[in-house]
Structure formats: structure tokens, C-alpha cells
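Chain lettering (A, B, C, D and E) follows the sequence in which the chains are written, and residue indices restart at 1 in each chain.
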Amino acid sequence: MTLNSMQKNGLLLGLFALVSTGLVLGVEALTKEAIGEQQRAQTLASLNEIIPPTLHDNDLYHSCGLLSEPALSEQPVPVYRGYLAGEPSALAVEAVAPNGYSGKIRLLVAIKPSGEVLGVRTLQHQETPGLGDKIEKQKSDWITSFAGKRLRSQDDERWAVQRDGGMFDQFTGATITPRAVVGAVKSATWYLQQNSTQLFQTSLPNCHSALEGESHE
Amino acid sequence: MSEFKTLTKQGLWENNPALVQLLGLCPLLAVTASVTNALGLGLATLFVLIGSNITVSLVRQWVPQEIRIPVFVMVIATFVTIIQLLMNAYVYQLYQTLGIFIPLIVTNCAIIGRAEAYASKNKWNYAAVDGLMMGLGFAAVLVVLGGLREVLGNGTLFDGAELLLGEWAKQLRIELFSLDYPLLLAILPPGAFIGMGFIIAIKNRIDAKRAQLHKTEKTVTRARVTAES
Amino acid sequence: MQDIKQFVESGQIARFPGGIHPPERKQPASEQPLSRVPYAAELILPLRQHIGLSGQCTVAVGERVLKGQPLTDAALHQGLPLHAPTSGTVKAIEQRPMSHASGLPEQAIIISPDGEDEWRERHPLVDYQQHDKAELLDIIQAAGVAGLGGAGFPTSQKLAQQKPVSYLIINGVECEPYICADDRLMREYAQAIVLGMRILAYITGADTTLLAIEDNKPEAIESMRVAIAEYDDIELRVVPTKYPSGGEKQLIQLLTGHEVPSKQLPIEMGIIMQNVGTAFAVKEAVIDDKPLIERVVTLTGECIEHPGNVWAPLGTPVDALLDYAGFKPEKDQRVIMGGPMMGFTLPITAVPVVKTTNCILVPSKQELPPPGDEMACIRCGACAEVCPASLQPQQLQWLAKAKDYPALEENNLFDCIECGACAFVCPSEIPLVHYYRQAKSQIRNQAREQAKAELAKQRFEARQARLEREKEERLERHRKAAEARKQMQQQQAEEAPQQEASHDGKSSAVAAAIARAKAKKAAQEGGNAAAEQPTGSQPEEKSKKSAAVAAAIERAKAKKAAQQAASESEAGADRSAGSEASDEATAQPRPAQDKSAAVAAAIARAKKKKQARDQEDKQ
Amino acid sequence: MSFVVGLLAIGALALIFGLILGFAAIKFKVESDPIVEQIDEILPQTQCGQCGYPGCRPYAEAIANGDEINKCPPGGEATIKKLADLMGVEAKPLDSAHGEESVKKVAVIREDECIGCTKCIQACPVDAILGAAKQMHTVIEHECTGCDLCVEPCPVDCIDMVEVETKPETWQWNLDSVKQNIYKADTIPVKVVE
Amino acid sequence: MSFKVAAAPHGHSQKKTNQVMAWVVFALIPGVLIQSYFFGWGVWFQILIAVSVAYLSESICVWARERSARQALRDNTALVTAVLLAISIPPLAPWWIIVIGTLFSIVVVKQVYGGMGQNIFNPAMAGYVLLLISFPVQMTHWLPAAPIAPYDLGIWQTLHTIIFEYTPSGYDVEQLRTTIDGISMATPLDGVKTALDQGQILAEAYQQPMMASLAGIGWQWLNLGFLLGGAILLQQRVIRWHIPVGFLAGLLIPSFLAHIFAPSVMPGPVFHALSGATMLGAFFIATDPVSAATSDRGRLLFGLLIGVLVWIIRTWGGYPDAVAFAVLLANLCVPIIDRYTRPTVYGHHVGAKHDTE
């Protein structure tokens, strides 16, 4: 009796599992392409916003390299290299501000080889809606205030929120979020400024395979 | 009253999964900061619920008591994963907003509850209607709560509907008023709890009023324990 | 046990948690010497003066009774007899309002005193030590002595516990404001009380007698100190004034440093407690052969002109007492029997003084303002602070309002002594004790109902079993009757072919048909008369009459079944099909056939319903 | 390749868990909780049938199968509350279609009018009526549940439902009733005890 | 003749709930006077608005719930809630802030839960938290205390600011709290916290202009004023010592220990005791009997819990002050505290049974 019940239940459950898993895998195979496309489009959209087409003529998305750099993030981050007529024209990197009000803030920072900041975008954050979420382009223009700025030295005092005596406005009511973003952009910019030549020259491991794998976690 | 009519009434009002059974509160409270999000998760839940109810109802004869729950969970998980993949592929923006909540549908008690309480005991067509109505009821509460919170916290309705419904939906956006200082509480999770509490209170109030109005004089025939023997 | 001994010997006074200090207001009543109230025009003596059954009345209306003559016999379970407070005639035995918070009516003996105050024959005891304990207990019981401090529990019953007693505690604390009956008694009758204490100690065999008096009664303490001076085994304990030090449990805690375990009696700790008034009554009963026919009652309150303590014959109506002391009622006057903390209001004053009446309090509105509106509990915790039982009154109050009885019991509602300290201090003026009393009585009622439901269930099940058994017996009888008939028919059927064997096939077929019809008719008759003509195979045949009645019932049933069957078309079809069946089938008794038809009809109905539903489903 | 691995892994897992569940289903089988018994304990056992079921036990079975808990007028609020606790549902007010909760009553037979037809005896669910054919019947008061099932069958209407008399022990500390009690005392006919 | 029937006991001590509540308001007076001296007329307007809204909304709620309005308003609890909330918020907060807060306190936290005595949360603090979460900007705009304030506002200017959110001369609150050299002034707690977060040490943090000898300018006197009020309440036996003592012990002992171990980054007990809402919380807010524990031991524990929570949130939390959050969190723990601090009932002591053997 026990054996019979075990056999029956085991086989049935196994059967259901196989069918379910098969279905899921099937759908995954079918949608794989579309999902990849979506992610590409998303990243590209952000990239194109801060590195306008006039500044590059290569395929930015496929110029991506994976960079392991503790100064930027604990994990390897993608670096995008823009060329205009074969000449290096722009450099974008994903930076992480670890000290946001509620968790990490993922940013995309782009500079010209000259060191001037092209632009910054927020890729992902969990800041308080209505307060900290003003770092989103859709909510506020604040994030665009980085464009055109330069970093003079590693401890350039102007690179801070106004409250701390810097040149970046903090939005009303929140100090922590902008402070974190400014800090992260500052260190990313510094890194890019220091290593721009090198970054254009070294070959980096391709990032797409790894990135897509990540998105399925 | 026909079974279908009963199911409709049960799902939408009398036994509403969110308001009466208080099931599936986790996604409900987390994603209802705006109507768009609420609608998105509501629809996702609706599809999963119909799908799982039909499937469970179809296989109910073959599933023995002991492995019922694992099988149901597997069925639901399959549907959820498929929907997640589809959303990822075709409504990417919305997927980014709702992303982390979609897998939660797997353990949404409203769904497994219906599979267990209804679909596993009834024919597939009834189960489908039950799923539809329960799903609609759930989605309706989501949308109402989302609307409430969006209006209070943002002064708008259907903000970002284009993420879900395509470009044309941009016209849906209604700006009721512009808030200098949004009521942050409404958007934050505590606001969801408070809003939910008020919606349930209003429902109970309506029910109480209706019960008063429709107090029909039904008489129950008394059973005689000691019929003449 | 050892701990208690140590504590008592050290002479310490412990303290109990909580308690309050309400204004005492014992003066001026405590300063007036005891006086005696004249007999009222009628004395009302309720048959029941304590918990338990009342005794049987032993006098009749119109009968003359003498002072001290028993009016009832001691009921079962060591009840107490009732005595005539003075000589007179029994005027009536009727329902009168009780001296109880409910004002419910209660059977009472009404006596009109004849003014002669003539005693029955008395047998004073010279030396009680000559008599054994059982004898003394009988005397005390026959004298109707009950605890005069609180609930009026029969004293003899309390003393008769077969447990070793180390300490006899005599309670002279009298902690409730206003009341000073015991105070006065101790001041004026110290010797008699001590004698009563000796008798009690003798009966209980207690090693030590502890006399407890609150320190706000210096005169009583002094007079008792003098009276007990000659006895080594009586110790006087002066306890600090705090309400409710006089509660039995609290006093035991004060004197022994130990608590009486919940749901146990002090006797389990080797302690017995009696009130000073009871000690006095015991002395009078044993030494003077004077039954309990009067007691000291405090008459006090600002609405009385001459406050004081009086000897009041039991049965004296309260209005007579109030007249005696000069009563000036104000609007919405409260007349309280007992003290301000635990007493109850009387709706009318035509109720009598009973064994437990220690005080009649008629306060003015200034001295005891009536409670204001009940406000919501703010959980300030003042009640918990003063609760001598360390309960959580605010919690109990909520549970009582929610009628959550299991939770109330879990929160030890029944350890509440209803002292009223919590309600006294409640800033929201919630009548807490009132809620507890209601909850307690409801819990008790529920327990009673539960027991009754259990009984009802048993009886119902027994009845069902009996009916089932009877039904089976009846069916068995029917079956036997049917078998007998079948045998008879078979015999007939066998005889018929033999008779007509000589005819040819055709005529034989006709004959057979006739025979069948005949048999059918016979069978029908047989069926109808089944009960009427039981065959000889039933030896346990009942009387003809009852058989006839049974037959009539059967006929009525059969008729009803037939009507039912006829009303159903399907059933009709079934029946016609049935009639085409073999001879044997038609030969079945008619009622059985009808019954089976009815069953068939019911099945058909059910089928049809199911079909209908299936169709609906398909739609 | 990952496709096959995924399938196999999940399939194998499911197989193992299925085996375990099959084993557990037999090994740890428990007899179902006799919930009907517990419900029956709570019901007042008047067997009055006001709930629409013939007796308390059938109603207990009905509740166990999902019927409403508010159909028992004799039990009233207290019973509903206990049932709600037991069944883990919300207590609700008594369904007035089944009658109102009223004061406890007992049946009393006006004995001089009784013709001894035994109909009430047959109607009584708890055998609380004594008597024989053509003899006077009487109700055993403390066994009467007050269900009033005996009232209707009586051909001469000689059965009254009388409120159970309040005694000091059963008095519920209802101070509002005190004046009525006094009033009752005045009107009660004087009965002489022999 | 028939007499009045009443329930025992027939006497009553004379302290009533409404008097208790009135005493609480009375004892707040020293603190409110000091607050209005240092922070301007605003506090009086806030109290005025809060009390009006409280009574109005309470009347409507009680009416909607079909209860006796007279009795509900007479108990003075709405008054206490309104005044406590009004003195907790920045005196120049716009009028709708206090209106929303009071409405929430009275309608949602008190009446929806069933009116007086039924609320599990402290109404004033729940209202405060709602405001703080929803309107962090307005709720953190405290002006610097009078001696260092760049502007001195009269009655009319204050009222104008509360109603229109800027002064007649057109300054908004943000500008009002900004000094000539463009640095906006924070409260002492906020200032010290920000400085420490930026890696400064305590000595540097204390150099900020709003700091005084003991704690912040104005704030130290404000706290002493509420301490005086608390003493009045204790003396009148309106509150008992357990909650304030527990609160202060819970706050001061950890801060003292922390200060010993890390003197450069952990503010000491004196700073904590005289900053923010410490004294107001200890004597007036945590002692709200409805939402506090009931037994003496429970109250000590309840106060201790609040004190420790205040210290933890002040030290590591996101907000500078924490009394409101701590009180609400402790409110949640009350049923558990009550359950485990229940005194042993008479006759139920473990030893009691043993004695009889």
C-alpha cells in the first residue's frame, strides 16, 4: 500500500514537473530574442541620450567592455566607448552609488575624452517616491545639471551639494540622495578622466553575454 | 440564481479576494502606488488565475489528495513564469516597474486559494468563470487602491499608462491637480495599508446598509425532531 | 505550614497589595451606646437566609409562637432553622421582597408580636467544656447561628470541617467605612465575645486564637485587650487601617504572611476565621440557649437624625429601623444595606433585617455623590494599583463588556472579592464591580445551561435509541406477518391447479387467471387486515384492542402513502408496471407495495431533478 | 543541453518529493478531528428544530459542512460566539428568520385540562413529559429544554410556555429589573404553605 | 416609597478623567511659554488651529458614530492631543500641516479605532509621524532660536507666514531660516547628526552657531520647561514615575556609555536629555495612559523601550529626532509587555500551593 502510493504520487508529480518545466523552457526559447532586444533598446536609449549621435558613429551597444574596477563598483561594470570617425569621442560607464537613502543607485556616467561630463542618467534606484526620485530624468531635470561640468582634482570642493558648500543643488527635503549621486558621479568621472586613454586602448571582455545572463536571475 | 451569476457576485463583491478574503495582500500593497502599476499586476494576476483555475480543474480527477498542493503550485508557477517572460519580452517598461512583484504571484494566496477551494472541485467552465471573476475582483480593488493613492500622492490618474497599453494611452493621463507637496504617505507602503483599511471599511458599511434595506422576511420551516412516529 | 507558624509567632503584620483609604466616617454612629429597637408591628422572616435550601416551615398561619421557638426545621445539608424573634402569632406565610440586591420575592413567615416577649423553655449550659464538640455543634446549628460578617454561611458547617486547625482568627477588623456594629459590640460585650472565642477554640481545637482589630478603633482594642488578658493562647493583632483588610483572604495574608491558594479554603492552611459578632452569637447560643434572633445593625448616614448602633430583632423591616433613628429622605435617596463599598441599594424599605444585615446606610448626596456618567476606560491603571487580589481590573472590564467568558476565567475573574476598590478609584467612574458581578453570574448560568444541555442530549439520544428499537421490532413483526401470508397463498396456489387439472389447456388458463385475481384480492384483504388477524405463528400476540389501534394507525399510514404515490405520474407508471409483475409480486401485502411505490416515486423525483440540473449545466 | 538538464533536474526532484509525499500520506495519516462532536457540545440540545434541521446533531453536521452558525435561537449570542471561535469564523448576529433569542422558558401542562392523549409525550424530544394514555400528563420541569415542540400537537391547547423564574442565584445583576421584581412580589397571589 | 437603585461601591474618589487631562494641559504651560519666547508666536496659532480642528472633527465623528457628543468632548482628551501635536511641529509650519495632522490624529487614530480609550497608538504622535513622512520639508523647517535668528517676526508676520507660507515681505520659511552667509540653520539634533555624518568629530559639531552650553540654544530651556511641567504632573499624581524614569534611563544610560567609549562621535547624556522632544516625550507623550502599558513594571519597561529606541534612532536612524517613532513602536509592544508583566493574582503564587502540603 505504501509502495503503491509512493510510486503513483512520485510518478504523477514527476510528470507534472516535466510538463511544466517543458512549457516554461519552450516559452523562454520563444521570447529569448525579444527580451534581449528590449534590454538592448533600453540601454541604448539611455546611452543615446547622453552621448548624442553627433558624437559617435559606431555601434555603442556593441562597443561595450566589461571592466573590473574597485573604484567604481564591487562587480565588473560595463564600459561603452564611442568613436567618431575612428577617433575616441565619448566614454560611458555604469557607476554605483552605494549610499543612497534606500539602497544602491545605479547610474550611467558619460564623459568626453577631454574630461568634460557629457551627461548622467539614473538606471535604477529605490529612493523615496516624491523625494529622492527626483534623480530620474522623468521627474526632474536635476540629473542634467552634471552635463558640461569638469572635475579639477580628486577633492574638488565644488563637486558637492550646496548644503555642503558645493555647486550642485540639493532638492528640497532630501540631502542624502543627491549627496550620494554627486559622490558617485564624482568618483566615476575622476576615474574616467584619469584612465580615458587607457580605456580606449585596452581590449575588455565582451559584456553582453554576461549581462543577459544576469537579467534572468 | 445560476451558478455563473453566483460566481460573478462572489468574485466581484461578496467574497472578493482582496477585500473579504484578504488574500494576496503582499503584491497588492506593494504595487498599488499608481493605477498603471495596479492595472498591470491586476491583469497579470487575472490571466494567471484563469489559466491556473482551468488547468487545475481539468487535471483534478488525476491528482490525488497528497500531491495536490505541489501540483497546483507547479501549475501556477508555470503560468507566472510564462507571463513574466512574455512581459519581459513585450512590455519591458512595465516589466521593469512590476518586475519583482510578478514572481510573487506564484505564492499569491488568492490564486492557490481558488485552485484549492473551487477549481479542484468544479468543472472547467465554472472554474474559468470563477477565475475570471475573482481575478476581476482582485484587479478592481488593485485599481481602486492604486487610483486612490495616485490621486492623493501625485494628483494624477493613469500616469505612465503608455508603459502598459502603448503610446495611445498617453491621452489617458489625467492631471487632477498639481501638488506642490504630494502626500507622500499615500505613495509609501503605510499609505497602502491605510487606504486598504478604508476601502474595506466602506465595503462593510455598504454591506451593512444593504443588509438593512433588504431585510426580507424569509421564514424558515421548522424541522420537527419528533415527527409523528 | 512551618512558614506560617514562624510568621505568626514573630507577631509581625504583613501587608497586602493595593487597598484604599476611603473616608472612614465611623463617627458619630460609633460613639452612641447600643440601644434596642422596639418590636415592629410585623416581623418578616424569609425562609431562606443563607445559600442553600430553605428548611420546611413548622408553623401554620394563625398559630401562636414563643420567643426563640423554631419556625422551620433545619433543612437538608446542615441548613439552619429560623426562630421567632419574639412571641406573637403567625400572621401570614407569603411572598415578600427579599433583602437582596435583586429585590426578588421570597417566601416569608410574617409574625405579629403580641408584646409579651414570652420565651420558650430555655436550657442554659453552665460549663460547655463538659460537652463534647459534636454536641456543641448541634446546639450551634439548632440556634441558627450563621456567619454575621459576610455571606451568612452556617457557622456549624464551617466549624464541622474534619481538618486540623492551628489558628482560629477572630475578625474584628470591620474595614468598611461607616460600619461600626462590631466596634460597638467589642466595646460593650468584650467578655461575652471572649467566651464565644473560647468555645470556638474548644470546638475547632485551635492552638492559638488571633484577634484582629483595625487601629482606628482604640476603644475596642482597649476593652478587648483587658478581656483577653487572662488567656495566653489569645493574641491581639492590631492591623493598620486600610480597606479591605477585613476581607477573609486579606486578613489571613496580613496575619500569616501567606495567601490562601486560589479555589481553596483557609481550612486547608489550618486556619479558620470567624467574625466577632459570630463569636458573640455562639456564646449566647451555647451558654444562654438564646438562638440567633437579633443582631447589631449600624444605622448611619447624613439623612438620619440619630445615627447609632441598635440591637435589631431579625425580621424587623428596614423602615421601622429608619423611623426609629429619624429618617429624612432627600430626592433620589439611596438606602444601602451594608457599607458604602460592598452594600447594595434597597428599592423599598419594606424588607427585613436578616442574619447578614450589618448596616443600613442612608447617605446624603454630598457625602456620597452618586456616580457620574460612565466614561471610557483610559487604561490609567489606578484600578490595578488598588486591587488587593492583584488582578487587572481594566482588562477584566473589557473582557466582561465583550462577554469573553473563557478569557475572563483565564484572567482569574473568580479571584475577585468584589471589594469595590477598583471602582472607587476609577477616574472614568466605570462601575467595574457591577460588570464583574454580571459576568460571574452569566458564567455560572452558562455552566448550568451546559450541564442541562448535556442532560438533554443524553435523554434525546436515549429516546432516539428507544424509537429505533421500537421501529425495528415493528418491522420484524410485519415481516413475520407477511411471511405467514405468503405461505398461505402458496398453499392455495398449489391446491388450485390440482382441482382444475382435469380441464383442458384453454379453460385452465382462464381458471388460472381467475385464481390469480382471487389470490390478489385475498392478498389485498390479507394485507389490510394484517395486523388485525395475526396468524398463529405469532405467539406474543397482544390484546385485541391494542392490535386494533395499531391496525388503524397502519391503515391511516397506508392511505397517506397511497395518496402521495398517486400524485406522482412517474409513480403511477411504476405502479402499473408493478401490477404486470408476477403473481408473487402482486401477492405482496398492499401497504408494502404502496411504500415501495412511494420510494420509487421519490427516486424518480430525485432523478428528474438531477436531469434538470444537468441540462441547465449544459446550457 | 541546459534544456534537458533543467527538465531532468526538476523531474527528478518532483519524483523524489512525490515519493516522500506518498509515503507520508500513508504513514502519518490521522483520523479526522471529530468536529461534529465539538459543535454538538456547544449547541444547547433543545432539539427544537428552529434551525431547520431535525435536532441539534443534524445541525452540528450541517455546520461542519459549511452551514451558517447563526441559526440557533435558543443558544443565542453566546452559542454563536463559541461556534465562531471553534470554526474560526466571524461571529454574526442571530438570523432572525429562525426566531429571536428569548428568555428561557419551560412547558407547563394545565393539568385539569389534559385529556391524556399522549401526543405531547410523543412530541417531546427529551422525554421530559410523564403520563400514560387517558391519564393526566405533567412536565418534569428541570428536564424540559423549553423547545415548545409539545405545544402544537396538543389537541386541547393545555400546554403553556412559562418563563423560568429568576432566583437570586440566577439573577444576572440587572439593576433595571429590580423595580419590576418588587412589583412582581406585590402581585403574586398569596399561597399558604401547609 | 421607592428609592434609587445603584451599583456598588457607592462612594468615589474625586479625581476624574477630564480633570486628569486638564492637568496635563496645565502642566504644559511652562514649556509652551518658553517655546513661544524662543521660537515666536507661531506655537500659539498652531495650538489655536489644532484645538479648533480637534473639537470640530471629534464632534463630527462622535455625531456620525451616534454617540453623545457632549460627553465625548467633555473628557478633554481631544484638547490634550491637539496641544501636544501643535507644540511638536515647527511653529511656522503652514496651516494645512496642523489641520491634516490633527484630523488624522482625531479621526483615524482615535475615532476610527473606537474613540477615547480604544486607540492603540498615541494619537498626537501618530499624527506627527504622518506629517513627518508625508511632508518632510515643512516638518523639518524649525527656525533658529530667537537669539541667533536672522529675522524677528511679529504676531502679524507669523500669522501671515502660517497662512500664506511667506512673510508679508515675501520671505519663505527656507529663506527665514537661512543666515546672511547663506547657511540654513538646522535644529541642534539635526546639525550635530549631519556634522557627524560628514565625518566631523563632536567638538567640531558643537562649534555650530545653534549650540549652547548644554545643548542647543533655546532647546535646552524648552526641555527644562517640560521637565518642570513633568514635575507638576508627578506631584499631582496625574502620572506615575515609572514611564518618565524608564524613558530617561533608556536614553541616558546608553548615551552615557557610548559617550565614554567614543567621546568624539557619540553625544553625551546631557545633550540627549536637553535636545529635541526628550522631556516632552518622557513626561507628556509616553505617559499617555491609553496607549501605554498598564502595570507598574510594564510601564517601566515601556518607558525603557522608548528611551532605548530614541537613542538608537537618533544615533543611527535617518531622522534627527525619534520620540514619535519610538513611542509608536513601543505602543505596538504594549500587549506583549502587558501580558508578561501581569502581576501574580492572589492565591496563584507558585509557593501558594506548596504551602498546603
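Methods note: contacts are C-beta pairs under 8 Å (C-beta built on N, C-alpha and C of every residue); 3 or more make two chains touch, one makes a residue touch a chain.
Composition by chain, UniProt nomenclature: A = Ion-translocating oxidoreductase complex subunit G; B = Ion-translocating oxidoreductase complex subunit E; C = Ion-translocating oxidoreductase complex subunit C; D = Ion-translocating oxidoreductase complex subunit B; E = Ion-translocating oxidoreductase complex subunit D.
Computed from a predicted structure; not experimentally measured.
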item	value
Any chain that touches chain E and chain A	B, D
Longest centre-to-centre distance from chain C, chain (CA-based)	A
Chain occupying the most central position, where position means C-alpha average	D
Of D-E and A-D, pair with higher C-beta contact tally	A-D
Chain A and chain C: spacing of chain centres that average the CA atoms, whole Å	81
Intercentroid distance (Cα basis), chain D paired with chain B, Å	38
Mean-CA-position distance for chain B and chain A (Å)	34
Chain D residues counted as touching two or more neighbouring chains	14, 17-18, 21-22, 25, 47, 55, 125, 175, 178-179, 182
Numbers and ranges of chain C residues touching at least 2 other chains	347-348, 434, 460
Residue numbers of chain E (touch at least two other chains)	2, 5-7, 136-137
Of chain A, residues touching chain D in the complex	1-2, 5-14, 16-18, 20-22, 25, 29
Touching residues on chain B, where the partner in the complex is chain E	181-186, 188, 190, 194, 201
Chain B residues touching chain A - in the complex, by the definition given at the top	33, 59, 62-64, 66-67, 70-71, 74-75, 77-78, 81-82, 85-86, 88-90, 92, 96, 153-154, 182, 184, 187-188
Complex contact set, residues of chain B against chain D	64-67, 70, 74, 217-229
In the complex, chain E residues that touch chain C	1-13, 15-20, 71, 75, 77, 115-118, 289-290, 292, 294-296, 299, 338, 342-349, 352-353, 355-356
